[in-house]
Amino acid sequence: MNAMPGIFAAATGADSLLERWPILFRDTVAGFFPAPLQWLVGSLISILAIVAIFGGVFAALTLLERKMLGRVQNRPGPNRTGPFGLLQPIADGIKMLTKEDIVPRSADHLLHFLAPVALLAFSILTFAVIPFGRNLVPLELDAAVLYFFAAGAATELAIFMAGWASRNKFSLLAAMRALAQLISYELPLLLSFVPIIMLAGTLSMTGIIDQQAGWNFGFIPKWYIFTPWGFAAFAIFLVAALAESNRSPFDLPEAESELIAGHLTEYSGFKYALFFMAEYFGMIALSGMAITLFLGGWRAPLPFLEFIPSYLWFGAKLLGLLLLFIWIRGTFPRLRMDQLTRLAWKFLVPLALFNLGTAAFWSLTSGWSGPLQLARWGVAIALVVVPFVLLGRGLSRGVAPRTYRFA
Amino acid sequence: MILTPLHLCLLLSSALFCIGLIGALSRSSSILVLLGVELMLNAANLNFIAFWRYGPNPAAGTGVLFVLFSIAVAAAEAAVGLALVIAIYRHQRSIRLQDARRLKG
Amino acid sequence: MTGLLIIALVTLVPAAVAMALRNVIHSALLLILSWAGIAAFYFWAGAEFLAFSQVLVYVGAISMVVLFAVLLTRHTRTDGGVAPDTLGRALAGLLIGGAVLGVLFGAVLSTPLPIGSKPAAAVTVHGLGVELMERHTIALLVVGVLLTVALLGAVVLAASDSRSGPEDAR
Amino acid sequence: MLGSGLLQGLKVTAKNIAGSFHDPERLVTVEYPEQKTKLPENYRNFPFLVSENATDPMGTLRCVACQICEKECPPQCIYIEKSKDKKPDAAGKMQVYPAVFDIDTSVCMSCQICVEVCPFEAIKMDQVFEIATTDRFNALLLDRNQLAKPNSYYHQIHPTEAAEVDGRLLAERKAAEEKAKAAAAAAAAKAAAAAAAPKPVATPTATAGAPGAVAATVSVAKPATPPAAAPVSATPPAAAPAASPAQNAPASDGKAAP
């Protein structure tokens, strides 16, 4: 298999021990087994590490989210279970595990059972290609970016299965919304990182991170977000990622005020928890993707900070992005279905296409230097801002001084 | 006669093609007919890959490119086909092919 | 070889069952499994890029469109109303399909197929990109135009004639 | 420009996130079981029986077991048994008292009709809300021991209303006293006149059960002790003549919770 070299990426000697220990640990444990089994044991260790670490991150994230949302609303958040409420995830887990598992009588039993399992499986699959550290790529693929989105695309399918199998009109509506949302937002999501692939010249995650190595002027990292087109692409990616992971303000498939709990209406107990877990895993995976594509992956933001192990930088960036997601959830109200699709088709897709042009311009003018460099920046910024303003005007036409007829 | 992997691949693709064909011919739901056609297209793609994989000159990658274009065409076909299904449904309130007799002219 | 057999099983059985089922949603979901099996075949054959494209396009996009179409065209009449000519059609389809299957199998089995001396080296994404951009540029452009036209055509076909949306559509 | 509103919103929530850490004033919630907010004065649910004296609630209930509330109660959650004997009320008059007064709070809907119909200001709305219990039959059926709460508690929870009620009661008792005095004076004058022209008149004297004002209007043949002679005051300890413990004894009926 092609995956073999990725699993056995050799730790280069130049790194510090702190940097290398996960790989060393895995190789040492795998070394105890006979050679034909070594790749299997190595993969199993990687899988276990991912599931354990991100399971823990999920548990911490549920608490963090509730705490942050509380702070957004000037509340302290959960603080009863254990010191500062730190044991809340455990209490939640026990509650979920001990709840009764209810399946509606007229439901499609097989699909009803399969949906949460498939959803969780697909969202864990996406972790396989994310570089968590300098050598910590579970699966080194040539077309890793494509793999990521192929695995991610299947998650909405599971949501559809859940909605349809429940035999509940709210669930079915949620399923249709999920489909419409996926179809709408797959496009800007894919288009937003095409410039990255254009500029990096590779679909491999490590290749993209390698392209972001180095510093401008000695201290500004050469991350893609610090270019005009990269920033625009990041913004589009962020919006589309919010929609893909069904996060507020795009949580229409599970809009509580309209659809009870959407596709989760007929789920209870541990199946419900699986859905919850999958949603958070999806969020974490998309954040990891954004970090890899735009934020330099596991690279340190400043040259003198490079002594800190790369996986800690990845974790810090991940935490930052997750906090941003929670912050956004606490701030914005939910969009309506037509607004959602309008935003995707009339704003994000054209903007992403324009951004493609900007990136092409950037790539063509890479030889410019001196004062031309300034002109390059100016033109690129203009190419980003002008379509944004114009499209934004089109999007918000007739909205600005809003009249409320029934208020 | 010796059964090479290429033979197996071709048998697989022909079996898939026939399943698609039977589905497309015998089902009356236009969506299922469309899906049958998709299956036949996929069977053809399988052949491209099989011949690319075991053919004399695999380095060219022509088979892969062919399948890539074929997938793109299949996507377009599915989109237009299902749009047609929806348009027919709007007129007939049914997606059964037997009900769409007015297309005869 | 066992890999190929498993893939054949995963591809053919769901496809056959899907074509026989009454429930269109079940058919569509089973076909997704079948398409995923085909993607696995591509992966097995070393066309990694193609496998992911297959999953992305078929599992991610076409299945969605199919399911959406099924939901939008839900039958008000009973789904299982057997039309009088159904049996005949099914028989004819089976006969024709069986005949084609026989012909194809016979042809495949009776043909000595030369096997390349060495199995194909997996084509890299980079090589694929170079091929697309150099030798097949025209085809790429044509496919792009085709997709755009198909998109517009689908929108025109599926869009309803009446323009009566909600009044405060914004 | 598009997005400026979004940034504004983000700014507001960011201020909340940061502000709630260093400025406790921003926190809108209280840590409930430990801290409690003061309930608004007009908050009311579930009735209680007003007693004049905190030390002897059963002896100083204002309720005279007239059973109006029992009849008016829409969900019929009140059950009253009149006592056989009488004992002096706050004004010192001999009154019937409730031997049994139960309210089923699982039925009560806090409609306040019992309060509105009570002519004696004896039943008032409470402010309890922590009424959860593990025993849904006996623990929710409150007897008169649990219902009786002193007037000072009433002042505490509804100060304005309680002051008004007390004022009204005071005024009523004053008026009754005045009338009694006037009646006494009139009776004395009559007696003097009768003494001048001895012509004995037989008048019924059964007045103990009726309110004092009514009693005072009846011309009494022998005005030995006027009913409203006791000092009238809003402060219960001064007002209430000590009730005999013997009268209290039958009050502890079988339903009284241990």
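To keep things simple, chains are lettered A, B, C and D as they appear, and every chain counts its residues starting from 1.
Operating definition for what follows: a residue touches a chain if its C-beta (ideal position, glycine included) is under 8 Å from a C-beta of that chain, and two chains touch if they have at least 3 such contacts.
The model shown is predicted, which means the values in this text are computed figures rather than measured ones.
Of all chains present, the one whose mean CA position sits nearest the global mean of protein CA atoms is A.
When you average the Cα atoms of each chain and compare centres, the chain farthest from subunit C turns out to be D. For the pair subunit B and subunit C, the distance between mean C-alpha positions equals 6 Å. Note on chain placement: the centre of subunit A and the centre of subunit B lie 34 Å apart, centres being C-alpha means.
Rounded to whole angstrom units, the spacing between the C-alpha centres of subunit B and subunit D is 86.
In whole angstrom, the spacing between the mean C-alpha positions of subunit C and subunit D is 81.
Subunit B has no residue in contact with two or more other chains. Residue positions of subunit D touching 2 or more other chains: none. Those residues of subunit C in touch with two or more other chains are numbered 46, 49, 53, 61, 65, 68. In terms of which chains touch, the assembly is arranged as an unbranched chain of neighbours. Pairs of chains in mutual contact: A-C, A-D, B-C.
Interface of subunit C with subunit B (complex): residues 1, 4-5, 7-8, 11-12, 15-16, 18-19, 24, 27-28, 31, 34-35, 38, 41-42, 45-47, 49-50, 53-54, 57-58, 61-62, 65-66, 68-70, 72-73, 75-77, 83, 85-86, 89-94, 96-98, 100-101, 104-105, 108-110, 112-117, 119-121, 123, 127-128, 131-132, 136, 139, 143, 146-147, 149-151, 153-155, 157-158, 160.
By the touch rule above, subunit C contacts subunit A in their complex via residues 25, 29, 32, 46, 48-49, 52-53, 55-56, 59-61, 63-65, 67-68, 71, 122, 124-126, 165-166, 168-170.
On the subunit A side of its complex with subunit D, the touching residues are 68, 71-76, 327-328, 330-332, 388-389, 391-393, 395-396.
Within the complex formed with subunit A, the subunit D residues making contact are 1-3, 6, 9-10, 12-14, 16-17, 19-21, 26-29. Chain contact summary for the complex, subunit B toward subunit C: residues 1, 4-12, 14-29, 31-32, 34-36, 38-39, 42, 45-46, 49-50, 52-61, 63-65, 67-69, 71-80, 82-87, 89-90, 93-96, 98.
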